[in-house]
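See the structures that follow.
Same chain, two partners: subunit A is paired with subunit B first, then with subunit C.
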Partner chain A sequence: MRPILRVFRRAGRTWVSVIGALLLAASIAAAVAGPAVAPGSPIAIAIPDRLEAPNARHWFGTDQYGRDVLSRTLWGGRYSIGAAFTAVMLGTVVGGLLGLLGGYHGGRADWVIMRASDVFLAFPALLLAIGVAAVLGSGMKSIVIALAIVYAPRMARVMRGAALPVRQMEYIEAARSEGAGAGRILLRHVLPNCIPALIVQGSISFSQILLAEAALSFLGLGEPPPTPTWGAMLSEGKDFLTTAPWVSIFPGLCISAAVLGLNLVGDTLRDVLDPRLS
Partner chain B sequence: MVKRLAALVAVLAAISVVTFALLAFIPGDPASVMLGPDATRESIAELHQALGLDRPVPVRFAIWLGGVLRGNLGSSIFAHRPVSAMIGERLSTTLTLCALALLIAVVLGVSSGVLGAVRQDGAADQLVRLFQLVGLSVPDFWLAILLLLLFSVELRWVPLVGYKTIGESFWTAIRFLALPALALGVVQAANLARMTRAYMLEVLRNDYVRTARAKGLAGRRVTYHHALRNALLPVITVLGIQVGALLSGAVVVETVFGLPGIGQLVVSAIFTRDYPLIQGIILYTAAIYAVTNVAVDLSYGLLDPRVRAE
Partner chain C sequence: MFAHAWWGRRWGMAAVAAVLAAAMVWQPALFAAAPQPRVGGTLKVALASDAYSLDIQVAPDYENRLALMNVIEQLVTLDGGVNVSPALAASWEIKDAKVYTFHLRRGVKFHNGKEMTADDVIYSLQRFKDKGYRKSDLAGIDTMEAPDPYTVRITLKAPDGTFLFSLANPVGTVTIMPKGLAEEQGGTITHPVGTGPYQFVEWARDRYIVLKRFAAYKPWPGKPSGFAGAKVPYADEVRFIPIKDESVRGNALATGDVDIADGLGYPTYSRLKSAPGLKVFDVPSFTITEMRFGHKKSLMANRTLRQAVAYAIDKKQLADGVTYGLGRPAPSIVLPGSALYDSFTSKDAGYDPAKARALLAQSGYKGEVLKINVSTSAPLDGSAAVIIQSMLKAVGINAQVNTMELAAWVQTWLTGNYDMFINDLSFRPDPISIYRPLWSSKSTPSGYNNPEWDRLTSAVALSTSLPQRRALIDQIHELQVSDLPFLPLFFGTVGQGYRDTVHGYDVWAAGYVRVWNVWTDK
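Showing the complex of A and B:
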């Protein structure tokens, strides 16, 4: 567990990392506990209260149906951060395994995996995600799959790069001479050496994926209304910009804060775990 | 050069395969999915026939690719018009927006990156780094909403409606595209500033910079003539990637301002499940992206004699 301690010790030294960690912790806390502490229902309609400016009863104001923007923002955090997190996990597992396999095996398998990832990288990322999500039909599940498809090739490249040098190591040969199978060598010997690269790439991509998730929901590819996601809230709010700017301002602030926190934490992790990259 | 162009052809071929495959992944029968639950059995059968869905996949791909190569991207299911014509009439808005945004990104990004590197750890550098952090964290379409709120709703500098394309009225187009270009450009500038600053710091540590200073050249001349030129070379390579980000970003930001570009077309295509239209837009933008990247690669060779020699 020493590397983890090292991360914390190094991170504590600069105020930027501390702020990043705090922002990230606040975002995660809001996503996990938000719905429990939300003052009201995110979907309860109260037409008489519509488009109220922020006040004591509705801290973030209300939207065009009189729904409490604070409650919607807290629930939105769970949906948006949850979707981005699931996409990162899915892309990391699929892309990471393929990258490891290519880097360790080399040869034809490596060639096929790398050319396939080249093909996906040839598209502007968000547009490919739009296409995949549109084809799968709107909903959180298609957004998650679309983002994972866009992200997996990036993770595959990084993991391949990390696995390539490990392949030559003597302990790999030792394991092989003891009769360990390819699967065992990959997971027990190659993977642990690639974990720093995995964490760094994962944390840096998380923020990009969160932004992309917001953009996809903003375009209307996410869960149908009334489910609150940050992107969808921005899209609804923009129609009432002149009369009720708070509907658009608060979800946007939350996206920015969460992404900023992720970026700062990602930078810190990179500085500590992979000094060559900084 | 020939090698680069051959690679471009390979990339374009791969792009077309993936774009075609997108439609093959639609769960269920594309014809009935596109027409929705209210469609009659006859109209589904008719669209099924029109899309050639009764033929095997390789044959469909060959027919589709043959059309694409002749500039025929198929017809929109909803508007009953050729997809290429629909994209064509909206392309000028999106491309002008991207060009303006790129201009803002390069000017703002490179100058602030240089400023940060020259005044390393000073007050100006701290500001530049703050700008990078915030710029990388703010969604461009939210920044667009904020700019709209400030300049159109509060200050009333830019009207909310009345856009004309660049072909109809140059200055009206620029006026309406300024805010969305600023939103896109600032976010990309943060990225460029980060890279420029990093490369600039690296170059400034080199021996030839020290030599230039030692022989008595003015600080300014060393910074701009010796250091910046070398620092900019790697920055240029990321411009191609920036174009991809700008194309994607423009699609979203356009919808904030209600501009009649590709973005609006994407949104309406998503809502009407107009798959040939979505397919056409993705193919088109990916092709633009691929060509830009090759152009960037080639220009890199022109600017750096070392690359050309290889």
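Showing the complex of A and C:
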């Protein structure tokens, strides 16, 4: 049986992982297809219709400008999940490569990379992200970069840990004795053996990054209004929490669902992929 | 004016009973039933933003005035109905609208213990004329003399019927300070010294401004009204605390962390209006929310584009959307009810999206991003920006809302490097005190340069007859509507609240937080 199928089979054994996968699939589907199925424009203003409770025309109600909360939530998923995903990918590539390099080479390069990531890890993650985003100016781009900067050192750590034992394996020695270059050995022999660590770390961090993205948007560091992101919608809705709770509850529920789904899937993947736990 | 109960809830019934009894017997008994003011205690006031600078002759932000109008006093000031009233000058004579002789109050002490005399007044006016925010308003001063320590005679180069208004205008405040104060502090005032009922103690940026009771303050005669009349400091200490987030600010009031809160929008008002232990108000104000155009480096220097923007904005819907039906569209900055308001200044270009699209096509606009700067300190402006952005989008203008901290927002405004920004014009006594200093080619940071505008606004200042001034204001209004140095949007609201442990507090349509005659039983 192919290894990937074995992973799915083992993961499918617990109901927790199934729920996680369903939540995650729903979130991703919403982010990908949401804008296409959204009933209206996420930014069209209709003052006379403002703060309507959920009804047949507006399933999630309307906000203080009469905008359709359902459409905004669907569009918000694309922005929020998209930003978190991009940040994770960016952090994985940068942090992963650096960690791999450090772990494989050892010596001075390793020392420099690890001390640099120690410096970044010494800051509280959210504070560092706020600092970076504040320097870069508000906008989705700076949020993505800020989150990638926060996340990359964590990934570097994990990849280095995974690469260290691999570099002493006989097959690496064999490859080296056959004259393979460092780049080839790294990408063809070391990296594939570190992939499980990368997947587990990636999926677990994804949820944290998504939450951090919501926090930064909530604080007003994200895309300027009227662009809907879940965090910004929560922030806009908080003034109406007691009088029109639907404005903030729906994006809030979406954040919770996506984060829960990611956490459950991440946990499952770790259980399945980590040989020490099986 | 918005009169409301100035006694606490538990005194309410007693007072009502007293009124009923007194109505039959003897009217003045009403005052006997009111609680006695208590001296002492601390008042905490939540503001929407911290001050930008404490030099209020130079820096015109509203937040510094909120605290400092309790500290400083002017030569003449405004009462509740926006009329010029005596302040440090107890009286004055005017000859031919050209020679103004002010008779100062005697025995007025500065917070540093020195007596206020004519030298201090001349020094303060001279400093404002040199570097004040509205220095063009005092540019007409020819000479200032002090025949004796309690008299100041000012001779203007030409007659100016608006001179008293220029002195009384609280925005860009012509404060009276001890002679030499600015030089002692290195040119910029960082520790204001005035003659007001409260004296400045300390400013910790973004944390608090602390004032304390000025024990040597002697209240002026007359009923308190606006900034005028008898002012009595009761609280020992007043702390102005910036709380930037509106709902957090509202909660601070609801939980009693602060005693008075400014800058509450409709959402907070509707949430807290029936909360126990506090009173909140959201009332129509004299404040006009306006949009300013950058005429310096921006595409908005193009008049056709400005006109397209103006036609694209539905002011009625905007006013409704932002103020929840309380505010009204503002065709002009002339206040309805003022002597200068007439059928002409109430006319507006109107909302016409088709015309906006046509003008846009003519203007050569190619979809460039135009930024609308808005400060986080003004709760109404953020919503206005979102609604305007959507209205502009509807006709094909690619506008973006750019939310900024107050300090950064003031910075871009003063450098003139912006496309558009939304601003609350806190009320001014006379429209000319907005028209002239803000868009004259000499003093404006916006870069607006229109000789016709300069000519008309100086002509108004020279004129002392009402019909003539009205005719000139009409012409300025016409120019404002067609050439659009700026665009008045709507009359906003004043949202403030206070705990019922606070007595004597008065919510004024002009805004401001006046802590004199206010006491707390905490």
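Here, the second predicted complex is superposed on the first by the 274 of 278 C-alpha atoms of A that agree within 3 Å, B and C clash if a C-alpha of one lies under 4 Å from a C-alpha of the other, contacts with A are read in each partner's own complex, and residues count from 1 in each chain.
Here is the rule we go by: contacts are C-beta pairs under 8 Å (C-beta built on N, C-alpha and C of every residue); 3 or more make two chains touch, one makes a residue touch a chain.
What you are looking at is a predicted structure, and each value in this text was computed from that prediction instead of being measured.
S.K.: Could you tell me whether subunit B and subunit C fit or clash when both sit on subunit A in the superposition?
M.R.: clash
S.K.: Quick one: subunit B or subunit C, who's touching more of subunit A?
M.R.: B
S.K.: Looking at A:238 after the superposition, I want to know if it touches subunit B, subunit C, both of them or none. Which is it: first, second, both, neither?
M.R.: Touch status of A:238: both partners.
S.K.: On the A-aligned overlay, A:128 touches which partner chain: subunit B = first, subunit C = second, or both, or neither?
M.R.: In the superposition, A:128 contacts subunit B only.
S.K.: Looking at the overlay, does A:109 come into contact with subunit B only (first), subunit C only (second), both, or neither?
M.R.: neither
S.K.: Which partner does A:50 contact after superposing on A: first (subunit B), second (subunit C), both, neither?
M.R.: second
S.K.: Once chain A of both complexes is superposed, is A:138 in touch with subunit B (first), subunit C (second), both, or neither?
M.R.: So A:138 meets both subunit B and subunit C here.
S.K.: For A:26, decide between first (touching subunit B), second (touching subunit C), both and neither.
M.R.: The answer is neither, since A:26 touches no partner chain.
S.K.: Looking at the overlay, does A:225 come into contact with subunit B only (first), subunit C only (second), both, or neither?
M.R.: second
S.K.: Under the stated touch criterion, which partner chain does A:90 make contact with: subunit B (first), subunit C (second), both, or neither?
M.R.: A:90: touches no partner chain.
S.K.: Looking at A:256, would you say it contacts subunit B, subunit C, both, or neither? Reply first, second, both or neither.
M.R.: first
S.K.: Counting contacts the way the document defines them, which residues of subunit A are shared by the two interfaces, the one with subunit B and the one with subunit C?
M.R.: Common to the two interfaces on subunit A: residues 138, 220, 238, 241-242.
S.K.: So in the complex, the part of subunit A that touches subunit C is made up of which residues?
M.R.: 43-45, 47, 50, 64-65, 138, 220, 224-226, 238-243
S.K.: List the residues on subunit A that touch subunit B in their complex, please.
M.R.: 118-120, 122-128, 130-132, 134-138, 207, 211, 214-215, 218-221, 234, 237-238, 241-242, 245, 248-249, 252, 255-257, 259-260, 263-264
S.K.: Using the touch definition up top, name the residues of subunit C that touch subunit A in the complex.
M.R.: 246-247, 265, 267-268, 270-271, 317, 320-321, 376, 382-383, 385-387, 389-391, 393, 400-403
S.K.: Hey, which residues of subunit B end up touching subunit A in the complex?
M.R.: 11, 14-15, 17-19, 22-23, 25-27, 33, 133-134, 136-139, 141-142, 145-146, 148-149, 153, 244-245, 247-249, 251-252, 255-256, 266-267, 269-271, 273, 275, 278-279, 281-282, 285-286, 289-290
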